[in-house]
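Both complexes below contain chain A, partnered by chain B and then by chain C.
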Partner chain A sequence: MKFLIDRDAFLEALQQVQHVVSSRTTLPILSNVLIEADGDTLKLTTTDLDVGISGQVKAQIERGGATTLPARKLVMIIRELNSGEVSVDVDSDNVASVRNGPSFFKIIGLDQEEFPPLASFDEAREFVIEQAKLKDALRKTAYAISTDETRYVLNGIYWSFKDNVLTLVATDGRRLAMVEQDVEFPKSNEINVIIPTKAINELQRLLGDEGEVRVRISDSQVSFELNDSILVSKLIEGNYPNFRQVIPGEAKQRITLEREVLFNAVKRVAILTSDKSNSIKLSFKPDMLQISANSPEIGEAHESLHINYKGPVLSIAFNPEFLMAPLRNLAQDEVFLDLIDEMSPGVLKIDEPFIYVLMPMRVTN
Partner chain B sequence: MDCFYAAIEIRERPELRGKPVAVGGGHRGVLTTCSYEARKYGCRSAMPTFQALRLCPDLILVPVRFDLYRTESQRIREIFGEFTELVEPLSLDEAYLDVSHLASEGASIAGEIRARIREVTGLTASAGIAANKFLAKVASDWNKPDGQYEVNESGVAAFMRDLPIEKIWGVGKRTAARLHALGARTCGELQRFTRFELDRAFGRFGAELHDLCRGIDRREVQPDRERKSVSNERTYSEDLATVAEGLEKLPELLTELHDDVTRKHADRRLRESVVKLKFADFSTTTAQRASGVIDPALFEDLLREAWPRGGGQPVRLIGTGVRFVSQEESAGVPDQLEMF
Partner chain C sequence: MSFSADKAYELIALAREHGRLAHAYLIAGPEGAGKRALAERIVRLVNDESAGELTGIDALRGPLVHVVRPESKSRRIAIDAIREAEHTLHLSVGEGRTKFVIVDDCDRMGQEAENAFLKTLEEPPKASMLLLITAQPEQLLDTILSRCIRIYLKGPSGGMARDAVADQLLEALRHHFQSGARGIPGAMGLMGTFTELLKEEKTAIGKRHEVALKLEVEHYRKTTEGDWLKRREDYYEVLTVSEYLQCRSRLLEFLVAWYGDALRQQAGGRELDLPDYAAATAALAGQLDGGELDRRIEEIEKLRAHLNTNVNETLALEVAFVRAFG
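The block that comes next holds the complex of A and B.
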């Protein structure tokens, strides 16, 4: 196999697939990127057996073929090269000679026969979604995914296709983010799946503001096709908790808040929280919100905001990071906070189908 | 304990007595322990088998039997319990005992314990007696096997003076090399450096070195770590074939669990609920979920979640349990409420 390729284009294509490369050293082939040269296209593929990703880039191919090369090293080399043309010549022993101006590298690869193929999706449900819509929905939910590996069903986003609506839910048991998007699909396609965090991260990297993404879902796998790239992932098996039951019904108090003003105030006050007392208190009084934090060993902070509030005096404590996460990821100027009492979940809404349920903290003295 | 695993094997097979014996091995493995006879040839723990056989071609290799060693370890811990509750096990065959609250002298208690261990298990043990854990541990090697050594208060300075710095815990090959480069081979030589100098050279560990090389160690003997969980389980006289049968058994287990938690552990906050199943083929599985309360509906969910993992097999045992939030973690910390 031999090809000539523009350094910048090659680097961009490699960077799109490099994050999937396995850190497991037990299977060396998974540290490699599969490079297939055919016609005028290079196809680059990586996998860690759970998630796989494949992308394409144009190249001038002098001799077609396929090999696998160590992905991280290859990216490091191409990144350090000068702009211009890179020549890659791979011999029958999978040894690659990489040239760019005065630079020369010899890299030892592995036979492409050993590279595990990505799953195929012959019998799968298929959905087409606008990339911009999906990108927005993932941004509004992904931060709430649990990182606690003992709760593996929560280590991903729950996707429910039902009644021409795609519902995305992420939760760690303390807060929950949910978005709904209209998507058209036949009744027979209805399904619920959990897509793991790593695939979500890769998908967010691939999604752009234009075009569509084709989603295929089989019994145990999902694939996303977009912009000449394919992302394939295993699904998380297990039952997602019944999240509908934790979404409170009628709120006693609906408070309209300026998103950015609230975010900045919480961020400032949160400086005075600590690992031990990691909570901020929101105290609502007529037309006034006071945000406060105190850590016995550090000090305290207060900040008051003028708001439109006519209800009774009400105080509630939250983990500041959990309150800031949605504020950081939303774009709307106004958010609505629905509260019942200090022990019931707070609900953050916007004027679009989005809901964020946040459990309070019980502060004992 | 002296060559604990090897000593047990020799006790079980008297024909091995007096011969070089090693536990572990296998053609490509390493030795776990070896007898003093084998040590004379240069064999030691963690040495690859082939190397040990080169040093001592007559070495007798016996396979590891952890269950047996665990049983013996338990018997020895029971003996410790006859003397003091303040026992901090380090491994199967080592423990710190705090006997400072007892009337007798440390050395005589050590002698009694060693005699009891020999009487009950037929094995020999060695002991170090000192005012702190560090000194006691170092001293326990002094008259091994089957001996004891006491470092009393007036003897600490002399004991430390010539002690090689490698005997300090946390000093491995690299730290030792750096200390040698500074001209410190013994703790006495290390004492010439100020706390500030050691802190600059070794960071936080430097301050510890400053204390340890003087035989100062303020760590308390920590008896059994705090309880992390409570659970119960039942093996049924007839295997349970269906989830429905399993669900029927839950209330009894949960009532018991609830009583246990509220009576004995009312001060603890719950982190997680767990259901354990053992299937007909004796394989086990657990399902757990975070929860701050004992919620029967949650346990039912967990049972349903775990049941199919047996691939349709009947279930012979059901267990229920809760895990606690550690006391350190829960002290004065705001309590994040959970949804499910």
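The block that comes next holds the complex of A and C.
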């Protein structure tokens, strides 16, 4: 196999697939990237057996073929090269000679026969979603995924295709984010799946602002096809908790808040929280919101905001990180906070189908 | 109640026909009872691959079958190994197929690992089954036992399964009691043989792993990124220690069996662990009374318990041999 390729294009293509390669693999071949040269296209593939990703890049191919090369080393080399043309020549022993101007590298790969193939999707449900829509939906939910490894079903985003609506849900048991998007598909395609965090992260990296993504779901795997790339992942097995149950019904107070102002104030006040007293208090009085934090061992902070509020005096405490997460990831100027009382979950909404449920914290005094 | 492996398999096949398969089985029984073969047959039965010859549980490894066994220096099953196994159970593999986690020598789970395993054991994800294999079910927590359907297998007919090392040890035992060597010198002589045999086994295990490592090194020498080969080297080093401990524990089993047979003969029992040494153990039964035999077995059991802690191996062996054979 021998090909010539522009250094910048090669680097970009490699970086798109390299995140899947983990540093502690169970098989040496998994630290390699599969390179296949055919026609005028170079196909790059990596996998960790749970998630696999494959991308394409144009190259001038002088001799077709395939090999696998150590992914990290290859990325390091290409990154350090000067811009311009890179020539890669791989012999039958999988020894690759990389040339760029005066630089020369020899790296040794493994036979491509050892590389595990990505799953194929012959009998699968198919959905087409706009990339921009999906990207936005993932951004609004992914931060709420649980990182507690013992709660497997929560280690991913729940995707529910039903009644021409795609519902995405992520929760860690203390907060929950949900987005709904209109997507057209036949009734027979309705399905619920849980897609693991690692695949979500890779998908977010691949999604752009234009074009569409083709989603295929088989009984054990999911694939995303977009911009000449394919992402394949296993699905998490299990029943996702009944999340609709935790979304409170009628709210007593709806408070309109400026997202950025609220975010900055919370961020400042949160400096004076500690591991022991990790909560901030929101106190609503007529036309006034006071945000305060108090850690006996450090000190205290408070900040007042003028808001439009006509209800009774009400105080509620939240984990500041959990309150900031959606504020950081939303784009709207205005957010609505729905409250019932100080012991009931707060609900953050915007003027689009998005809901964020946040459990309050109990505070003394 | 204990079954032969074939009978147990029949019962499980019957349970499957009636849709009453449990999600966790504990397969217990002495060495040579066919525990692993039974586990493999269950895997093949459930995933409809019963045709073909048995290949051993390791050959089944793949997306559907995850095998855990003690691979640490203290021959323990680490909590991380359990977590990794659980991870594979939580990924879906498609309709109509069942995922398996086989925990071989599951008595080597530490309490921490056992507790980590409880939740999965009680309620594994759908379409998954857990098979626990052990020769010493009494070492497991009650909470583990109560969450499994227990299958006790009978030992092989004709006594314990033996290999060349075991035979040499048994010959040494026969010689020890025939020669009438008594006291500390006699005990030390026997211990000398015992440790010599162990040492030979250890060298053999080490050699075997050295060859395996060499093959891997040859294949991956120039190619791997990171510390793969270093990790493999460590892995084999640890595996050598782990297998050595297993071998030591197996040899101790024969010492217990020797006195056990003498006790059985005193009581008029027929099923002996070592039937071809019946004459020697009968002679021993004539020399020592039941209480003394009992005490000696206890000494060896004590030694086993001590060896699970970080005692000085030689010292522990010396003390135990003097007490059990002096």
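Heads up, the rule we're going with is that the second predicted complex is superposed on the first by the 362 of 365 C-alpha atoms of A that agree within 3 Å, B and C clash if a C-alpha of one lies under 4 Å from a C-alpha of the other, contacts with A are read in each partner's own complex, and residues count from 1 in each chain.
Definition applied: a residue touches a chain if its C-beta (ideal position, glycine included) is under 8 Å from a C-beta of that chain, and two chains touch if they have at least 3 such contacts.
The model shown is predicted, which means the values in this text are computed figures rather than measured ones.
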Partners on chain A (chain B, chain C) - clash or fit: clash
Which superposed partner A:238 touches (first chain B, second chain C, both, neither): both
Partner chain in contact with A:133 - chain B first, chain C second, else both or neither: neither
Touched partner set for A:349, first chain B, second chain C, both or neither: neither
Contacts of A:73 with chain B and chain C, given as first, second, both or neither: second
Partner chain in contact with A:152 - chain B first, chain C second, else both or neither: second
Contacts of A:99 with chain B and chain C, given as first, second, both or neither: neither
Partner chain(s) touched by A:357 [first = chain B, second = chain C, both, neither]: first
Clash-bearing segment of chain C, relative to chain B, as chosen among 74-82, 164-172 or 200-208: 200-208
Set intersection of chain A contacts, chain C complex versus chain B complex: 150, 238
Touching residues (chain side chain C, partner chain A) in the complex: 83, 86-87, 89-95, 119, 125-127, 220, 222-226, 228
In the complex, chain B residues that touch chain A: 272, 288-290, 301, 305, 332-340
List of chain A residues in touch with chain C within their complex: 23, 25, 28, 31-32, 50, 70-73, 94, 108-110, 149-150, 152-153, 196, 218-221, 234-238
In the complex with chain B, residue positions of chain A that touch it: 148, 150-151, 171, 173-174, 176, 238-239, 241-243, 245-246, 276-279, 317, 319, 343, 345, 357, 359-364
